[in-house]
Each structure stands twice: as C-alpha cells, then as structure tokens.
Amino acid sequence: MNELVFIALATLMFILMIALAVMVIRSKDLIKAAILLSGVSLIASFVFVLLRAPDVAMAEASIGSALTAIILVFAIKKTNRFEEGGEEK
Amino acid sequence: MNGLALVFYGGILLLIAVGIWGILSRRNLIKVIMAITIIATGVNLLLVSVGYISGRAAPIVGGDTGIDASSTTGSVVDPIPQALVLTAIVIGLATTALALVAAVGYYRKTGSLELKSWSYGLTNEKEVKK
Amino acid sequence: MMERTTFHRSLPAIALALLFAATLFVAFVEVDFGEPRIEEELPVNYQPGEEIDTENITTPGLRYLANSSEETGSANLVTAVVVNYRGFDTLGEVTILFLAATGVGALLSFIKDDDEKKKKKILPPSLILNKGARLVLPLIILFGVYVFLHGHLSPGGGFQGGVIIASGMLLFYIAEPTKGASHKVISIIESTAGLAFIGLGIVGLMTASKIFLANDFAGDWGEVGMLVSAGLLPLIYIAIGFKVGSEMTGLVEKMRGDGS
Amino acid sequence: MIAINVIIGMVLIIIGLSFQVLGALGLIRLPDVYNRLQAATKSITLGAISIAIGVGVMDPTLLTKAILVAVFLLITNPISSHAIARGAYRSGVPLWKGSVVDKYGPALERKEREVKE
C-alpha cells in the first residue's frame, strides 16, 4: 500500500476514534454512550487491519462492538439510563 | 521519529488521555467502566503498533498469501504482540462484565449509580436504602 | 450554564490526562515505529530464506518466525504462538475467563432482589425478525465453526470463532425474548471442552518430547497449508472455541437476567 | 490494454460508491430516524453489494466469496433495519413533524391490548 494512503487512512481513523471517545465521555445518555463505544471498537478493528493484525481485528470487531455493547446495555437496563442531571437532554 | 510514528503514537496516547479524563471527571460508575474500556482499546492498539514493521505482510504464510513458509524471517510482522493482545481482548470482556455486575450491586444497595464519595455505600447505607 | 460548570469542574482532569499522555509520548519518542527490531541478531549479510543457527538466538520473536512452520506446521504464526509456544498461558487465560464467568454468576445471585422476580408481559417479536433470525442463526454458527476449524490456516481461531457463536446466540435472544440457552447444556459443553484441552496437553506428556502441551505430531500428517498439517494444534483450538463460545454465551445469559 | 472484466468491475464499484455517498448524504440531511434508516438501507443494498460484486468481477478468484457476502447482506440488512425501526418506534422515538401517515401505531396498540388480555 502507498505510504501516503496509509498515513491518510490512519489519521482519519484516529480523528474519528478520538471524537467518538470524547462523545462517549460527554454524553449523558448511557445507552447512547454504549453504542458510541462500540463505534470506537469498530474503528479500532480497522486500525488493527492497517497494522497487519487480522486475528486481533476479528476478535476486536466481534467482542468490542457486539458483546461489550450488549453487556453494557443489559447492565444499564438493570439500573438508570441517564447520568445525574442529564435527563433534560 | 517519522510522521507515521507521530500519527500512531500521538493518536493512541490521546485516546488513552480521553479515557483517563473520563475516569477522573465522571462519577457515574458505568461511565467509568466505559472509560476503562476506552483505555484498554488504546493499550491494545499501542502494543500491536509497537510490533508493526513497515512494508511487511500479516503473519500468515502459505496458501493465498504468497509468502513462502520457509522464509518468514524478514517478510512478516512480529506475531508476539498480536498473540498477547488477542488474549487481552478476550479477558477484557470478562473483566468488564464482572465490573458491571459490581456496579449493578452498588445500584441495588444505594439506589444510584453516582459516586458521591468513596465511602458512600458503606457509611450511609441505612439512611439511603429506599 | 449547566454545561459550563461541568466543563469547569473537569478542567483539572483534562490537564492531568494530557500531562500523562505527554509524558508517555516523550517516552515513546525513542521507540521507532515500523522499524524491524526483532531481527537485530541476524548476520549482516542475511538473505531471506537462508538457514539460521537457531541455537544461539535469544529474541523469542525471531526464533518463532524462523522455526514455527517446521515446529508447529501452522500457517498462521499468531495461532502458533498462542496455542503452541504459549499454550500454557492460554490455559491460564481460559481459566481466568471461567473464573470471571463464575464470579458474574455468584455476584448476581447475591444481589438479586424480589422485584425482579415478577415477570412483566412482553410483546412477542415480529414475524420477520423471528423467521429471519432462525434463517441466519445456523449460518452464523457455521461461520464460527469454520473460523475456529481453520484457525491455523487463515485469520481467526478458537477465541474469535467462539465469540462469533456467542454473538449468534444474541440473535436468538432477540428472536425469542422469553427463551434462553439451557444452563445445563452450556456447563456440560464448557466442562467437556476444558477437559479436552487438559487431555490434549497430557497427550504431549506421553509422546516423544515429554512436555505438557507439546505438539509432537506437527507435520506428520500433511504439508503446511493442509487442514491436518498442524498435529494437535487444531484440536486444541477446537476445544478452546467450544469453551470460549459456551462461556461467552453463559456470560451474556447471566447478564440478561430473566428475559426483561 | 485493460481487460474487459476489470472495466466492468470498476463500473460496478463506481456505481456502488456513488450510492454510498448518497446514503451518507441522506444520513446527514434527512429529519428523523425512520427517514435516515431508509437512506442507510439503500446505501447498503445497492452500494455494498455492488462493490462486492465489482471486486469479484475484477478478480475472479474472489467471485465465490463476493457472492456469498452479497447474499448474506441481502438476508441480514432488511431484517436488521426492520428491527431497528421497530425498536425505535416502541421505545418512543417521535416521527418527523411532516410525516403524513403512521400505520404501525394503531397496529401496535391493538397487539398490546391482545397481549394484556
């Protein structure tokens, strides 16, 4: 792969990942945060493919973006959906 | 230090910094667990990127990949960090689940997920119980 | 106004986090990105494909790269490291997974209170979702089995395949909200797979090398790239696949609670 | 001289990419969940499948895998978007102000009454 394309893709992915991570921390709705977190993992799995680690990418894609999100959602359903002072949206 | 190192190490460390900011500034337990998951993702990326070597293929030989099984030295990236991270990801899910169950237990005990002070669940238990 | 006060309060945290990142970044300036650092021990005029004197090599990565195809018969070097060279670590990891799943079950049984026991009536799933999930679920499980069966030939392996099967079972929960996987079946599969892992390790004790989890049949049954080339390695990965799959399914099932 | 299958594959990939761009545009511009879901579904069925088939035509050794991917997308995509729309409606996501017809609401109420009885 061309070096320039590699740098451009990596930069784009890291910008997206950090933006999603900041949104995870800032959002008051926990279910929204869980879904954004699975987005972070999905992009991380793409970065693993860029780093020539297809095994790790497969594990990250299925664990990070499917199972972690679903376990978080089950836990949120047993507790509060909103952070304190966040229900007015 | 070249441009690629700047992008990868800088991006990964900023991701870890976002996670640390989340742990330090949020009081919701589930949000703290999410921040820990972000840090775990960043650390996994850091480990794999240390093992990356420019211009080499994934560590799979033979078959469609076109890499001869007898000359793997010098043509594929380092497989050890990848093996390490593979197990780290799987364990990360189990520990996240354990932490979440602990958070649910805290909610059942105090009626809230917010961490007012570190001794909240222990000292004020009788007054808060609904 | 609310927003500004929150931001004001978290300013020290942001500063601390950035300070941490900057410190680590200064440490990582010395670490070259994309430079080969596993082959510093090689002779200066080394050509790819040349035989290496593996007796004196101390870098584990280089030793694994040079020998893994002969020693393990596996085409996927990550699989070779996970199951063969570091098989004992993998056994420990599977044990940690088992302990975490058990811990989740134990904690949940402690904190269960009465108001969860009353079941509320839930709407049945829609017809499209139900039939579609029933159509797709066998395909997903087949794909998971393919992934852990070919773990030594293509990307993937026991962990990934098991997790794919567990996420297929999630689809089953969406399609049938009132039902769940049977705990009995899950625990039977899990313990059988764990025993199979240990048993395959004991086979290594009985063959030529007399080492726990040794893989002495590598290359005896076929060339690198064939399904049977890697000796005991695919069998161990199949056991790991079943164990991880059943453990993850059990974990999700426990977290889900009573169909709510 | 470029081979004919490469040209066909490239045309298919360009068609797929343009549908993906339109889908992304719709995801940003459309007003509510249900409209956006419409755009996303179209971009997957026409965009992703077209790209997969295009790659398969360009490199015939990948054609079987590409067709498998296409069939899998064709099965899963309508089901998942149906589930998302249903879940959004049932968890109370409002319709856009300009929507003219809502047939699922009365049907859902009828079903809920049936379950209660």
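Quick notes on this structure:
When the chains are written out, they are named A, B, C and D in that same order, and each has its own residue count from 1.
By definition in this document, a residue touches a chain if its C-beta (ideal position, glycine included) is under 8 Å from a C-beta of that chain, and two chains touch if they have at least 3 such contacts.
Quantities reported herein were computed from a predicted structural model and do not represent experimental measurements.
Of all chain pairs, the one linked by the largest number of contacting C-beta pairs is B-C.
Chain centres computed from CA atoms place D at the largest separation from subunit C. Subunit B and subunit C have CA centres that are 15 Å apart.
Distance between subunit B and subunit D, defined via averaged C-alpha coordinates, is recorded as 31 Å. Subunit A and subunit C have centres, each the mean of its CA atoms, that are 19 Å apart. Within subunit A, contacts with two or more other chains are made by residues 53-56, 59, 63, 67, 71, 75, 78. Multi-chain contact residues of subunit C (touching two or more other chains) are listed as 76, 78, 155, 157, 159, 163, 248, 251, 255. Residue numbers of subunit B whose C-beta contacts span two or more other chains: 4, 8, 10, 14, 18-19, 21, 25, 49, 52, 58-60, 76, 82, 86, 89-90, 93, 97, 100-101, 104. In this structure, the chains touch in the following pairs: A-B, A-C, B-C, C-D. Those residues of subunit B that touch subunit C in the complex are listed here as 1-2, 4-5, 8-10, 13-14, 16-21, 24-25, 49-50, 52-55, 58-63, 68-76, 78-80, 82-83, 86-87, 89-91, 93-95, 97-98, 100-102, 104-105, 108-109. For subunit C in complex with subunit B, the residues that touch the partner chain are 9-10, 12-14, 16-18, 20-21, 24-25, 28-29, 31-36, 38-39, 42, 46, 48-49, 52, 60-62, 64-66, 68-69, 75-78, 80-82, 86, 89-90, 93, 96-97, 100-101, 103-104, 107-108, 110-111, 113, 153-155, 157, 159, 163, 224-225, 244, 248, 251, 255.
On subunit A, the positions that touch subunit C within their shared complex are 53-59, 62-63, 66-67, 70-71, 74-75, 77-78, 85. Contact residues of subunit D toward subunit C in the complex are 72, 75-76, 78-79, 82-83, 86, 90, 111-112, 115-116. By the touch criterion stated above, subunit C contacts subunit D in their complex at residues 121-124, 126, 128-129, 132-133, 135-136, 139, 174.
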